[in-house]
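Naming follows writing order (A, B, C, D and E), and every chain is counted from residue 1.
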Amino acid sequence: MPLDNVVFWVFAPLSVATGLCMIMVRSAVHAALFLVVNFFTIAVMYLLLDAPFLFAVQIIVYAGAIMVLFLFVIMLLGVDQASAPGDRLVGQRMTAVILGVAIVAELATAIRAGVGFATRAPEGFDAVNPGGNPSALAEVLFRDYFFPFEVTSILLIVAAVAAMVLALRRSKALTQREIEAAR
Amino acid sequence: MAASFVVALGALLQLLSLPAEERTQIVAVAEWIRAGAASVSLDLRVDPLSITMTMVVTGVGSLIHLYAIGYMDHDPRPSRFFGYMNLFCAFMLALVLANDFLLLYLGWEGVGLCSYLLIGFWSDRPEAARAAKKAFITTRIGDVGLMLGLFVMFMHFGSFDFDTVLGREGSLPEIATGTATAISLLLLGGAVGKSAQLPLHVWLPDAMAGPTPVSALIHAATMVTAGVYLVVRAHVLFEISEVALSAVAVVGLAGALYGGLASIGQYDMKRALAYSTMSQLGFMFLAAGLGFYPLAISLLVAHAFYKALLFLTSGNVMHGLHDEIDVRHLGGLRRDMPWTAALFAAGALSLSGLPPFSGFFTKDAILELASHDGVVWAYVLGSLGALISAWYIARLFFQAFMGERRYEGHAHEASSLMRAPLVVLAVGGLLAGIVLAFTPEGRLATFLEPTLGHIEEGNAGPSTATLIAISVVVTLAGVGIAWRLYRPANEERWVSFPEREPGMSAALGNAFYIDALYGWIVGAVGLRGAAGLARFDRTVVDGAVNGVGRLATWTAGLAPVWQSGKVRRYALSFLAGGAALLLYAAVRI
Amino acid sequence: MRTPIAYFLLLSAILFAIGSAGVLVRPNALRIFMGVELQLNAVNLTLVAFSRMHLELDGQILAFFSMVVAAAEVVVGLAIIVAVFRRTSSTDVDRASVLRG
Amino acid sequence: MGDMPWLTLVIVAPLVGLPVLASRRSISDEAARWVGLAATLVAFVVSLGMLGSFETGEAGLQMVSKHPWVESVGLSWFVGVDGFSIWLVMVTTFMFPIAIAASWKVEHQVRRFMAISLFLETVIIGAFLALDLLLFFLFFEALLFPMYYIIGVWGSKRRVYAATKFLLYTMFGSAFLLVGILYLYVQAGDQLGRSTFDLTALRQLQLSTGEGRWLFLAFFIGFAVKVPVWPLHTWLPDAHTEAPTKGSVVLAAILLKTGPYGMLRFNLDLFPDASRYFADAIMVLAVIGIIYGAIVAMMQTDIKRLIAYSSVSHMGLIVLGIFAFSAESMDGAVLQMVNHGLSTGMLFLVFGMLYERTHTREIADLGGIVQVTPWLAGAYVVAMLSSIGLPGLNNFVGEFLVLLGTFSVDRVLASIAIVGVILSAIYMLWSYQRAFQGPLKERWSSLPDLTWREGAIVAPIVVAMLWIGLHPAPVLERLRPTSEQVSQRLMDDTPTPDIEAIGAGAGGAP
Amino acid sequence: MIDPPRVELWAILPVLILFAGALASLLGAAFSRRAEQAPFVLFTLAVITAAAASALWLWDREPATVLGGMASVDRLAVIGTLVLCGIGAYGAYLGFHYFEHDEHRRNEFYALLLFALGGMALLVAAADLIVVFLAVEVLSLSLYVLTALTFRRGPTEAAMKYFLLGAFASAFLLYGVAMSYGAAATTSIQGLARALAGTTGSQGLALVGALLLVVGLGFKVSLVPFHMWTPDVYQGAPSPVTAFMSAATKVAVFVAMMRVLFVAFGALQWDLAPAIAALAAVSMVVGSVLAIAQRDVKRMLAYSSVSQAGFILTAFVSPDRAGIAASLFYLISYSVAVVGAFGVVMLISGGIREQTGSDRFRGLARRRPVLAALLTLFLLSLAGIPPTAGFAAKVLVFGAATNAGYWPLVLIGALATVVGAFFYLRVVALMAMQEPEGDDVTDASPLPQLVLAVPALSVIVLGIVPGVIVPLLEEAGVLTW
């Protein structure tokens, strides 16, 4: 059994498991940590798919930056515990599960029709990566995708502005009491 | 009115000057309706029949107008009253002079309208208003029959013109017996409604709520005779189908008997006279039904005189006694109102049919001819009717004018202005028979021949002399019965008759409950049903509409349930939608 | 490489479904948002897998862009959540239902 | 004369008042009333001009003028008049000044009232003259909102409910109508190569039987609600009852006519086969409407409701005449549209005048008022008699022709329908007896009679009634060619013995 | 070494101008200490005008894709941009009125508005799915913040709901992009069109991708069942923002949908049309019916915008120039009417006081005849009653749908119009047929009324002579380069 299969069959269940744990555990912090693990597994998948650059970015940006941000906010607001046990919306979970399964099934049909479960990716991916994946990516990014790239810059500016406008409100800061109430 | 009478007289003389063959003139006036194949002209037709009717309408009409001037002297709105009267005469003339069934229909409905307006003239009296409405609607029922008859007629002939429908003199219209029967029966329906014959007679007695001149003119002399006129006018069609003709006879006979009996039971003079009118009209129908059209017309003429007379005299009584009209509260009037008493007597004599007065030459002539033609049933029953007529008219006279006075105060005699026309009418009533029957040139039958054809007498049954004798006996018998029952001597007996014979008197008084029966049908069945339908409309039909609206609003009311403000619910519906679309894709692939 | 592409796609589909379930089941705004993040990652996986299948790099570029977008969204999203917390001192979305009907 | 664009002029004529009403806010109410009256009178005069240049004896469309409006859509300003529409336009322009004059008493928001009335008149006339389906539909829809507004703002207590019901119900109908029109439009694009709403062009479409029938139904529903055909009638009583006098008059006299007119103009013209196919069913509905409306009217305690239900009955007669297909019945139907406009309009007018005095619509509250207001009662009687079809007044001619024509096609239905003649007499006379006759209630003892102004308002209608009743020739002779043509088109390939009888009769008539 | 790509920046000049203006006013907002905001609004209007002018300048360009096939220059984009600029200008002006009564300075409003506008302008020109995705993100992020701008409880809550669901939706959108990429190995709209027209490319994946894109974009235009954020957000957001986003978002996203559905997935038309028809029908019905129950006018208008989205989508079942022209016309008439309506509502509800309960409108015809007349006109247009633009628009979209053989859909739509008439005219009835009650918080300054007279006028003009723009729209309806 070739190596990549082994890796896949190790990490794919792990990924699914961590995902499920992420939505099932009660503590928000734990959920965040499970999510981090899940991102790691996905990063591994990138490696399997010959995308080492994204592997790195995934670990740095997602597992590193984004999730830390999440944890930071969770801690800041101190909303670790789910505010009330159980679900207050009737039938929400059940429906959610059903719909999730349905979506998986439907997508599976589509994938089967579109790709076929057995087809393997053609060899020779290195050919499209002259000089290594990052530089190849760079070339594509800055030749074909330079315009979207610039748009992303706008997007980040907007995000910055948004954060500024939303966060730097000159409204009263949180009092200790509010935080207590939140707990 | 008088002017129109003069004109009519002129027309008559001119007509008499013409030879019999061409005594039919058609005066084209204008075209009325023209649509598709239908074309209706406003032509007038002047022929012996129509001119006779015209004479009656204008003549009697003028006299009654004269009378009314006196009678209505203290009415607030005389102008309105005489306006209606003249309008009526105009429509009536249109009716009789029409050369076209649709124009006839115009007049027909027109006189109906005027009778409505005049019956309800004192609209503040609820019974007057009700009677007016009843008269209009009841006759309208007959009119529908007439209208349908016109439709059939039009479908067959494609025209309403007399010449087309009835054929020019002699020539018969080509038409299947069935169609003819249909047409004539429908026309008969109209005639029955207008002439208050069974079963559409119920409006006539109530119609007496109107002013007495109206009763005299419209509900005795002219309008009610329109039915007879229609039948006679359309006799060609009736003759083509024996069914229709015999139907006319039967209706007439039934009316004659029923009216007579009902009349006996009335204490209200005018109601009694109204029923008597009905019975007299019955005789006219009988005559027409047996084919003696000229006799029908001559009875019509005579009746116009003496019935108008009788009504007006009773009008005198009302006028003199502040509208007291119940014979139980009258009596002995001959002292206070000798003129009126005499005039009433004259009218009664004419009606009762004692020779040599007009009733004899007209009504009994019908019976006589019937027997000659061997129509025994008609003769026997008719004679019975004659007996009853004599009975009730004599009764009225005895009860009202003989005996002791049963009223307070003094009944003042009518003014000369009101008496004068009555005298004329009386003379007319008494002598019309002789004049119309014997004067060589004026003999109505011959005069009418161009239009109505000649009556060939049969010679079945007993001889004329015996018949005359019988009829005189019958009449006297009638008077005798009346005297026996109502003579002053046993006044208290007949006054207390209702107590002793409640059932019978009620049956007679209510004319055998036919009116009550109708009332029950209309009230219990008709109005209930209508109310039910109205409820159905409100609840079901409209309810459905509003229900849809309510349903929509109710559904909308569910919004808060779904749109709960809970973002996860929103996400749920979002995901469901996405799943649904993906399902579509999955199926479609 | 031997693993069929479809496996990766299925894995990503499953993760996507889990992510969307995560959006639905937890009332905590932050955890809802985590669910979204999981979804985005799943999509990235799909993109990379397809790029591998088509033997071209565009897919990876798209994944890269999506990461940027995700980052931007996180910034804005967390800011909004904090702002809400300042008003209601709670991140429970079920409590935030002033607007309804 | 002929080269003048009369129809366009008639349509825009009422609008001349709008600038004046809109321009200076300082215009006084009295002035606004006069402006409204003047504008409607202008329209009437112009319509007289149109009548003058109308070719009598001409069956087809006249004074047609066609200008592309929105080429890209295929919408064109395509107006024309024929024997049918001309009289409806005439009655519109005739009744509007009267209605305006009758609403002199409207006190609040007079300028708005007048402006909306003028706009309403324009769109109604437009609906009668449009030959482009989309143009027609535009007018047909545009007249909803003004009416809604008039009922809803100047109406009585439950006005908003009634207005909304009216609007929604009619819009419901026109929803189907719109689909039908668009379907034809697309068909035109496929078959004729050019997408158009031109009626004359759409006539040439080859529609399959199924298509024809479905489209017929779509159009029919659209118009049936407006007529209203039983059982789609329940909006009418509410609308009539709650509307102000002018609203009722316009609604009864004119607005309802757009329904049967639409059937004549579009259903019969575009889908002759389907029309023949559905004729019997529709005639049955119409007869039900006649009887049903009359019986329900009998039971009403509210005079305006009673008149409204009588309208249901009368409109049923009109529909009957249309779908009997015989020339007479069609003449009668169109004439009846005019007549019903006059008589029912006048009933509402006169009762409105009474209502201004008594402020009650309940029959039970009235009684005996004929003694204090003889002229008002007289006017009411005239309208009433006309409405129950007394010969010599206008309605009789129409009713008679409709029934005659129907009888020649279907004796049974005609015989049932004719019962309506009796019923109408019953409910009318009965209500009159209860409301006007009998002993006078003392609360009315000082009721003022008709003023000269009111008399002047009523008089022209009476004249028109007598004129049509006694000498309808001028109307009918302009009507006949069109109706004969349409009737021919609908009858020729279904000849029934009755028709032949009529033909023979016509031949044999002197 | 990378060979430099051709950078035809002129082709997206409007977008650049808008973004530049946004940055500039951002700096202004950062550095100006003075609370008064007149200069900001003037500057914003100037920027928007400039963008519109540059868009006009692009009108006669040969249709082409530029910037490496990422953006397109064609008349559809131009028209879209022009409409957006108009809406943006009104949004800015209304915001100016709205915030002048606010105690805080809200000068970032203009920057964010311009950012959103830039994103929308980019969206209407986008020629590649990734650009579509990014543009949607730009405008979404801006709108999230705009929604929360007043930091009262309602707005922040609305913003959070909008954000969470928006992020959820963008995940679907991205999945759609991914699936399309998987189907055709490209995300460029042309590329997709070519691949799907030819044998290359998997129809199955493409269909899934297309539908996922419909889900993502349908969320933005609030199609049922992706609409549920709409009432809350429209009600919660400041009125000018609501006015802006209700109109502008729909315009931008629907134009993008035209490109995506008609060009990229044109080959799948016959698979997509039924789904689209279903969405349209559900949106029309649900939106109209649920609006009946609303007592808050802003919320009612929100539901109505749901049903309006359904009407616009109705024309999408016929992928030809007539259909495109129809939906464009509908978009324009809708935008005009809805901007006007929200504008009037803003004035009546006392601006930032946001008293939008329907009692405020009772007897308004008596109190504020002009405002009442304006609102009546806009509502009539939304209800589609002649002679307003809404009527012409409905006829056009229905005609297009009928042309594609979807007359049952048209019937549903027509009946939904009836329901719509009910709740639109209920407001009219409130204003005209009821007696005034309660205090009057109306902002009666004459200038805004004058400004709002412009859309009112165009509602009438477009209603009577739609011919003035329909040909232009049809020219714009040619979606080939």
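Quick notes
Please note the rule applied: contacts are C-beta pairs under 8 Å (C-beta built on N, C-alpha and C of every residue); 3 or more make two chains touch, one makes a residue touch a chain.
Values in this document were obtained by computation on a predicted structure and should not be read as measured data.
Counted as hops between touching chains, the shortest connection from chain A to chain D is 2. Common neighbours of chain C and chain E, listed by label, are A, B. No other pair of chains has as many C-beta pairs in contact as A-C.
With respect to chain E, maximal separation of chain centres occurs for B (centres as means of Cα atoms). With chains reduced to the mean position of their C-alpha atoms, the one farthest from chain A is B. In terms of Cα centroid distance from the overall Cα mean, chain D ranks first. For the pair chain A and chain E, the distance between C-alpha centroids works out to 31 Å. With centres defined as mean CA coordinates, chain C is found 6 Å away from chain A. Taking the mean of the C-alpha atoms as each chain's centre, chain B and chain D sit 37 Å apart.
Distance between chain centres (mean CA atoms), chain D to chain E: 43 Å. Residues of chain B in contact with at least two other chains: 559-560, 563, 565-569, 571-572, 575-576, 578, 582, 585, 589. Multi-chain contact residues, meaning those touching two or more other chains, occur in chain E at positions 130, 134, 137, 141, 144-145, 148, 151, 160-161, 164, 168, 179, 182, 204, 207-208, 231-232, 293-294, 422. Multi-chain contact residues, meaning those touching two or more other chains, occur in chain A at positions 89, 92, 95-96, 99, 103, 106-107, 110-111, 113, 115, 144-145, 148, 152, 155, 158-159, 162, 166, 169, 171. Listed by chain label, the pairs that touch are A-B, A-C, A-E, B-C, B-D, B-E, C-E, D-E.
For chain B in complex with chain E, the residues that touch the partner chain are 552-553, 555-557, 559-560, 562-563, 565, 567, 569-571, 573-574, 576-578, 581-582, 584-585, 588-589. Partner chain C is touched in their complex by these residues of chain A: 2, 4-5, 8, 12, 15-16, 19-20, 22-23, 28, 31-32, 35, 38-39, 42, 45-46, 48-51, 53-54, 57-58, 61-62, 65-66, 69-70, 73-74, 76-77, 79, 82-84, 87-89, 92-93, 95-97, 99-101, 103-104, 107-108, 111-112, 115-122, 124-125, 127-129, 133, 136-137, 140-141, 144-145, 148, 152, 155-156, 158-160, 162-163, 166-167, 169, 171, 174, 178-179, 181-182. The touching residues of chain C, when paired with chain B in their complex, are 20, 23-25, 27, 32, 93-94, 96-101. Those residues of chain B whose C-beta lies close enough to touch chain D in the complex are 30-39, 77, 80, 102, 105-106, 108-110, 113, 116, 120, 123-124, 126, 129-130, 132-133, 136-137, 140-141, 143-144, 147-148, 150-152, 154-159, 161, 163-164, 527, 529-531, 533-534, 537, 541-542, 545, 549. On the side of chain B, the complex with chain C involves touching residues 559-560, 563-568, 571-572, 575.
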